[in-house]
């Protein structure tokens, strides 16, 4: 049912060197499938925040990860599905490779079946141009370490993003 | 979200309660527009009871700012919780809005 | 991928008279698929609480719905999957029939692929027998209006539960 | 969850911080067992910073109660948040435990 269908039913350790903006070969640990309705945003972001907390992010970063996911979902609802309430969205979460249950970060992939658009056309506005709107993509890029949009081969768009925990980010040269 | 509106002598206070996201941004927009139409000297948006805001909420406030600038209404935001302050900072709008810590300050700041 | 696979891709209005302890014919509005790991409990219950809030439940009841789901998931992790971390669990949510976007309640279905047990054997203990444990099923039945366990035809267990909003419960003779 | 343990003259205070669910119940159990082993006159569990508890957490406390009853240790719970009080009420354990509102009271209650 979800486009990020697990290829193996067993849980393998995620490879630490696996690219942080690609879909891992292991099944997502948590998938939320939801209708494209604004009333489900709060549930999705509260789940992301709670999972990020368990992965070791501090409260401020958990809030920012929830915000990034909220912005991505809002864009799918508004632009992708043009506010149709019956579009489907899949939000998948993975820990980045773990040492004894302590993840190094979080991977988030968001899939939809909405109209495809050139990934290059998805970009935030110039912040000096102050107007209502045009902040979502900028916020997502500010919050996450890696962000990549792509067309899904089966139709719809995919957003791949990840963020490492501060200690890992230092080691691997990511953003804090 | 609920919205409390309180009209004072020279200011109107609009105080949403609850998360301000895409599901309620239009409702907040309506309250702000009605408050602005009364051309108060000051429009205070008290965010003390807003634990979360996304860019839909921010967009509503940017729009309110643009309208108030065209008339003699001063827009002041007050009492932002940390998570809400964070989105203004990320969007680099914390310098664009007049943001103060308390409603008392919002009433008097020039 | 989820056992509560939608039979129709369109969103129909849920029938108000549809039994409150059966799986509706319409797709769930939100599905959370998760590994049988205690660290994902907080995400699942925060999502349930946030969705219930949007459906119109007050904060106290949202907390109780989250608790009921947490207890059900704990039981699947402990008894169903015997604490194996790689079992899959599906948590599906529906609004009970809506009037102009205002649901009458919430339906929750939880599916697993764990060992099957006779539904009659799943029961809470006598509360007077005070001992550690044995509270989960009792709590679920206290919180929800309807609760039913069944063996899934394809393997695993299914828990179907629902709760109406107070106004609706009054009308239909449910618990408040 | 973090757990703060504070030993006073005749009482030990165990104060978990954060949600107490299946993922941390064993950790709390360990802290309680160690506190009980010292045979204090009083074991106070301060739940002021616990926003949520499920039946795994409650089971840990029931177990602690059973052990303390076998020795001269008085177990007192204090400062329960509404959601946590609610699970004790649903499980009808609010009469089985000694539950008071503040830590001061927990130190003195007979």
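For clarity, chains are labelled A, B, C and D in written order, and residue numbers in each chain start from 1.
Operating definition for what follows: a residue touches a chain if its C-beta (ideal position, glycine included) is under 8 Å from a C-beta of that chain, and two chains touch if they have at least 3 such contacts.
The shown structure was predicted, so the numbers you read here are calculated from the model rather than taken from an experiment.
Visitor: Rounded to a whole Å, what is the gap between the Cα centroids of chain A and chain B?
Guide: Between these chains, centre-to-centre, one finds 29 Å.
Visitor: How big is the gap, in whole Å, between where the Cα atoms of chain A centre and where those of chain D centre?
Guide: Here the centre of chain D sits 39 Å away from the centre of chain A.
Visitor: Touching two or more other chains, which residues of chain A qualify?
Guide: If we look for residues of chain A contacting two or more partner chains, we find 39, 42, 45, 54.
Visitor: If you look at chain D, which of its residues touch at least two other chains?
Guide: Residues 23 of chain D each touch two or more of the other chains.
Visitor: Once you draw an edge for every pair of touching chains, what topology comes out, line, ring, star, complete or other?
Guide: line
Visitor: Judged by the touch rule stated earlier, which pairs of chains are there in contact?
Guide: A-B, A-C, C-D
Visitor: Which chain A residues qualify as touching chain C in the complex?
Guide: Those residues of chain A that touch chain C are 1-2, 5-6, 9-11, 28-35, 37, 39-40, 42-51, 53-54, 85-86, 101.
Visitor: Which residues, counting only chain B, touch chain A once they are in their complex?
Guide: Against chain A, chain B makes touches at 19, 21-23, 52, 54-56, 58-60, 62-63, 66, 82-83, 86-87, 90-93, 96.
Visitor: Flag every residue of chain C that touches chain D in the complex, lowest number first.
Guide: Per the stated touch rule, the residues are 38-39, 41-42, 45, 60, 63-64, 66-67, 70-71, 74, 77-78, 127, 130-133, 135-136, 138-139, 142-143.
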